[in-house]
Amino acid sequence: MVCKIPEPGMKLMEYQGKDLFRRVGIPTPSGVFATTAAGVKDYIAGHPGSWVIKSQVMMGGRGKAGGIKFADDAAQGETLARELIGKVLKSIQNPDGEEVKSLLVEEKVDIASEAYVSITIDRAAKKPVVLVTAQGGMDVEEVAEHNPEAIAKYWIDPAAGYAPFIGRRLAFAAKLPEGYRKAFPALLGALYTLFMEYGANLVEINPLVLTRDGRVIASDAKVDLDDNGLYKHPDIAEWNKQSPADEDQAAAVAIGLGMSNYAKFDGTVGIIANGAGLGMGTMDAIRSAGGEAANFLDIGGGAQAALVKKSYNLVTSDPKVRAMFINIFGGITRGDQVAKGIVEAVAGDDVRKVPLVVRLTGTNAEEGRAILAEAGFVPVETMDEGAARAVALAQGAA
Amino acid sequence: MVCKIPEPGMKLMEYQGKDLFRRVGIPTPSGVFATTAAGVKDYIAGHPGSWVIKSQVMMGGRGKAGGIKFADDAAQGETLARELIGKVLKSIQNPDGEEVKSLLVEEKVDIASEAYVSITIDRAAKKPVVLVTAQGGMDVEEVAEHNPEAIAKYWIDPAAGYAPFIGRRLAFAAKLPEGYRKAFPALLGALYTLFMEYGANLVEINPLVLTRDGRVIASDAKVDLDDNGLYKHPDIAEWNKQSPADEDQAAAVAIGLGMSNYAKFDGTVGIIANGAGLGMGTMDAIRSAGGEAANFLDIGGGAQAALVKKSYNLVTSDPKVRAMFINIFGGITRGDQVAKGIVEAVAGDDVRKVPLVVRLTGTNAEEGRAILAEAGFVPVETMDEGAARAVALAQGAA
Amino acid sequence: MSIFLDKNSKVIVQGITGREGAFHTARMLAYGTKIVGGVTPGKGGTTIESGQPVFDTVKDAVDSTGATHSIVFVPPAAGADALWEAHDAGIQLAVCITEGIPAHDMMRVCATTAGMRIIGGNCPGLISPGKSLVGIMPGHVFLEGNIGMISRSGTLTYEIVDGLTRAGLGQSTCVGIGGDPIIGTTFVDCLRAFASDPETHVVVVSGEIGGSDEEDAAAFIAEHLPDKPVVAFIGGRSAPKGKRLGHAGAIISGNTGTPESKVRAFAAAGVPVADRPSQIPELVAARLAKR
Amino acid sequence: MSIFLDKNSKVIVQGITGREGAFHTARMLAYGTKIVGGVTPGKGGTTIESGQPVFDTVKDAVDSTGATHSIVFVPPAAGADALWEAHDAGIQLAVCITEGIPAHDMMRVCATTAGMRIIGGNCPGLISPGKSLVGIMPGHVFLEGNIGMISRSGTLTYEIVDGLTRAGLGQSTCVGIGGDPIIGTTFVDCLRAFASDPETHVVVVSGEIGGSDEEDAAAFIAEHLPDKPVVAFIGGRSAPKGKRLGHAGAIISGNTGTPESKVRAFAAAGVPVADRPSQIPELVAARLAKR
């Protein structure tokens, strides 16, 4: 879908990513996850020393936004935690801000060096690709822009899998300090295991810290999981249900759609289409006709009447929607089912009725058009025509 | 090596095999492992019902040998366990017998059907091969002989790994009763995981029981692990140290050889050679010369003097040995090291001295022959000559 | 001529007795596709209403029918397994309708099924109009002819083809390559096949924002298709710029996947890009006229 | 001519600064092998005493030297990794001296290194006498000539070759295929290569009891080597019959791996089998005389 380029996924918070790190044997700093200032206080009281208190948020740039603090005793920890919890962090990447709901308290390690390592999917190569650079702790995109030869890459053959030479080669190619070398091949192997076993779109450690006492530790954790693979790990799928990262995703899942089948935008024309491509094409057609889409909604293949009705209600629950364009080209989706759903949806008393334009063709279109005709709807012939009419209706209703 | 065709391995007892089964998720009967009659009594007392008491031995045919009993209460269990522990079971396969040291107490399941499944290495294909037949509970070799088409086979590509269709196809091809079908693909996948992760030469479930209440359970477990892969599983390697399955293996490992580098036979000529091939060739030469080898001992590649000395002592610890033929053709093994070992070995007061014939050629042979000459040995020129002389010495000494 | 599929291709249906499998089997048969059987484990030995035999395994089906093509209708969790089974049984081309097969399963499938062409997953399939349909496309929209079509999206394909057909521009083969992150056959694979098909005169490439397939296709066209006119469309050009997936994504390909970069790439390859699907027929007609 | 290896083959040594690696590198250089460098992670940028450069990775070594051949001296736990690294770097032939690589690692290696020939593991290597030695064989035993030699055992090879050389029967190439359960190159692979080498006039196959390689070799000879005389030896014929590995082993190949079955197979293929290594030279000479 359009809004989650390159592919939809479930982003994990740092503390969740580190949970997975520990499952596969990647060293992480010692510490505790806390949702209250008292929890932070108690932990530091029981474990005297210097601690880092890190806000658990999805946004980038949390350090610059003041989301990371340092505490040397329990009282200080409590004070800082109280400050952070409930605070809304804002950064350039995220001007709206994100509220801090939980914290990660971690040992303050003595840093000798910071590296960067990630594995992501190269769609074109159909392979996992590993990126490593000795310039950790900073934005890797900047490294890529100003110093591209500092980034070492390796495409792993999924048939052969990971072998330690890959880690060795990358460590040498990226000129990682010697202290990394012994630990790195096994650590990257564990990261690859996580990537494949848990179906990650991205696993990233930035920085991967070499401490002055010679340990190699994942100081941060960024993990984005392919939602198509989540069924293999019901415990992790549960994390997402508890705190959905994205309201649109949650709304889509709630009515039985895929989590990337719905997204809200700023326009006034509501859209329901079958297929992501037709959905995007419909948005384009709305813009060509001088309007703006209020949303993207793909009912997917083979949708039944009940889903169409729920989708109608979801789209119209956005008060910005002034008109609706339902654009169906039946393949695996059958026109009669869609028509039935439309009729049922609009028949209900509990729905907000907006001017509706329907375009229905393809598989079982005749049957569908008959059902619509019986309910008093006259479908349009083409997408361009439907888009134009929907834009006119939305603007007329404004 | 010669005595463990097709390859050397570490055989596990049933209860150990089932431990691995449980690690990968293969269902096994409920029960307990016991080394005392009291243990059996206590368990049955705590878990009333019908129980099978199975002697834990390596030999085949333990059922016919009286090693499996049934108990319906704790007192009966105790009596039977007392009978079994310490008993020496004898079968056609094992006329010398094997002492029962431990027992496995297991639920008596209500059997609807018995199948057979195994995975082993096909050396020629370089792939794991799966065998499945619906005729479980009996000797699969007999099935192979009398009813070969009842055995379904599949060679797994180690690059692609296991996929459920393999289990489905085998279940249909072997005509397993329908009750197996749902559980079988996942169960075979778990067995393949065990086979690859633990490096098994053989994993075999015979019988794989379908119970009347619809469960599919591994009623027996035969696991033979590649000793070359044991280093990956130190906990399992430890099992073997606690109770070595084979005295020759244990003796070889004790002096630092591979577990299949030494085997004792019935002849009178002791042999030390470098390389399994030359060792076998030397045995053949001894027989050609009219004698019989007392052993096979391969000191391996690159042997040092100390190992040669220990090997000498191991071979001569067999009182049958009347003469010794050391046959070295240096490649990675260096003649000077071997010569030094021979001289040191024979120089000790703590060794049994037997007439010794040495043949030494190849890498650093000149240096080696010089060392031997200095100590008063005159090496022979060829293997045939050495074999003939060693046989003559052994017979002369008889 | 056509690519990948002709009227003699023998096709089996994996999941033939399931809801979608049964529905589309009937439609494909009605279109004239040579469906020689299907697979549903446990239903081996039966037949479907129209008489085609059902087998327990793909191997049984291939051994009995000589099928070379397969179409897969199974749930996502069984998708990779179905493709491996097809490959193992000697199937040459498998169309994977299933949507949402985990990307990591598909990476492994693609790396271990050498010799079998996979179309999809999450695709509408393949049609050589007038000859054979292996997919879920509405056959009546298509018309036999000389336009090749490749599309990432299913329903957008129908939209575009509908326009072509109404304009009398028939199609040689239409391939829906699928919308999942990892797919078996790319634009470039299809372009390569069309390049050596003398009866395909113009090729329509219907892409989307995201990824770098379109840029790769443009580069391939510039280098290898000097004599085969191509027309393109990019869906989703009006979409607000989405959040990026972490940092690493864009660095690999050096490619942003934005509509601008795709339009630019096609323009550099001499490929006109339609603003709306409805413009495609005239662009195609113009290219045909120049031949 | 020779197979697999000639005087221009550029060779690198994986594990060049280790005890065995260093020792045999010196011996191979003394024999005349074109050793162009070696690999020891962390020692990149240094050179060994005789001046050859050491690299951190096989890729660096191949990129700098153009090496096509590699010889592997690493511990068993690192063996599979070394072979994968060689394959990944574009090495065409890797000789694996390492003994005791887990069989399951080797199965995976063999399944994922298409395009690279692996000799071994647990083998003495490869020699084309007078041209190049990539292995741990004692070079002085060998003589340049027209006898091809293939052997499962290392030291038995030297024994047999020693006899050939003393009888004035030189060798084109001798391949020690290795004694581990899973090896990269089999008797049949070598026989196929010798079949198309006009300067190999007779081939000696030195087998062992166990497995079915010898039977496979005999079948191949009968079918594909009508004009290339072969002489065989089977080691271990006097060994007491060993315990069998479970039940499944013998069922797969329908083959017992006994000396009798191997002798029978060779006899059926018209291949004389020597009773002792010392008989081989006369059998070879007789076959040469008949040419």
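Residue numbering begins at 1 within each chain, and the chains themselves are lettered A, B, C and D in the order written.
Everything that follows uses one rule, which is that a contact is a pair of C-beta atoms (placed from the backbone, for glycine too) under 8 Å apart; a residue touches a chain by one contact, two chains touch by 3 or more.
Because the structure is predicted, anything quoted here is derived from the model rather than measured.
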So which chains are sitting against chain A and chain D at once?
B
More contacts between chains, A-B or B-D:
B-D
Which integer distance in Å separates the CA centroid of chain C from that of chain D?
48
With centres defined as the mean C-alpha position, give me the chain A-chain C separation in Å.
27
Between chain A and chain B, what distance separates the C-alpha centroids? Give it in angstrom.
52
Among all residues of chain C, those touching at least two other chains are 108, 111-112
Which chain B residues reach two or more other chains?
157, 159-160
If you connect every pair of chains that touch, what shape comes out? Choose line, ring, star, complete or other.
other
Can you list every touching chain pair?
A-B, A-C, A-D, B-C, B-D
Contacting residues of chain C [partner chain B, same complex]
41-42, 44, 56-60, 78, 80-82, 84-85, 88, 108, 111-113
Help me check something: in the complex, which residues belonging to chain B touch chain D?
2-7, 9, 118, 120-124, 126-129, 131, 139-141, 144, 151, 153, 157-159, 195-196, 199, 201-202, 204, 206, 222, 224, 226, 228-229, 231-232, 258, 265-266, 273-278, 280-281, 283-288, 292-293, 296, 300-302, 328-333, 361-363, 382-384
In the complex, go through chain D and note every residue touching chain B.
20, 24, 27, 76-77, 97, 99-108, 110-112, 124, 136-138, 141, 151-159, 162, 179-182, 186, 206, 208-213, 216, 235-240, 242-253, 257, 275-278
Residues of chain B defined as touching chain A within the complex
159-160
Could you pull out which chain B residues touch chain C in their complex?
157, 159-161, 163-165, 168-169, 172, 178, 181
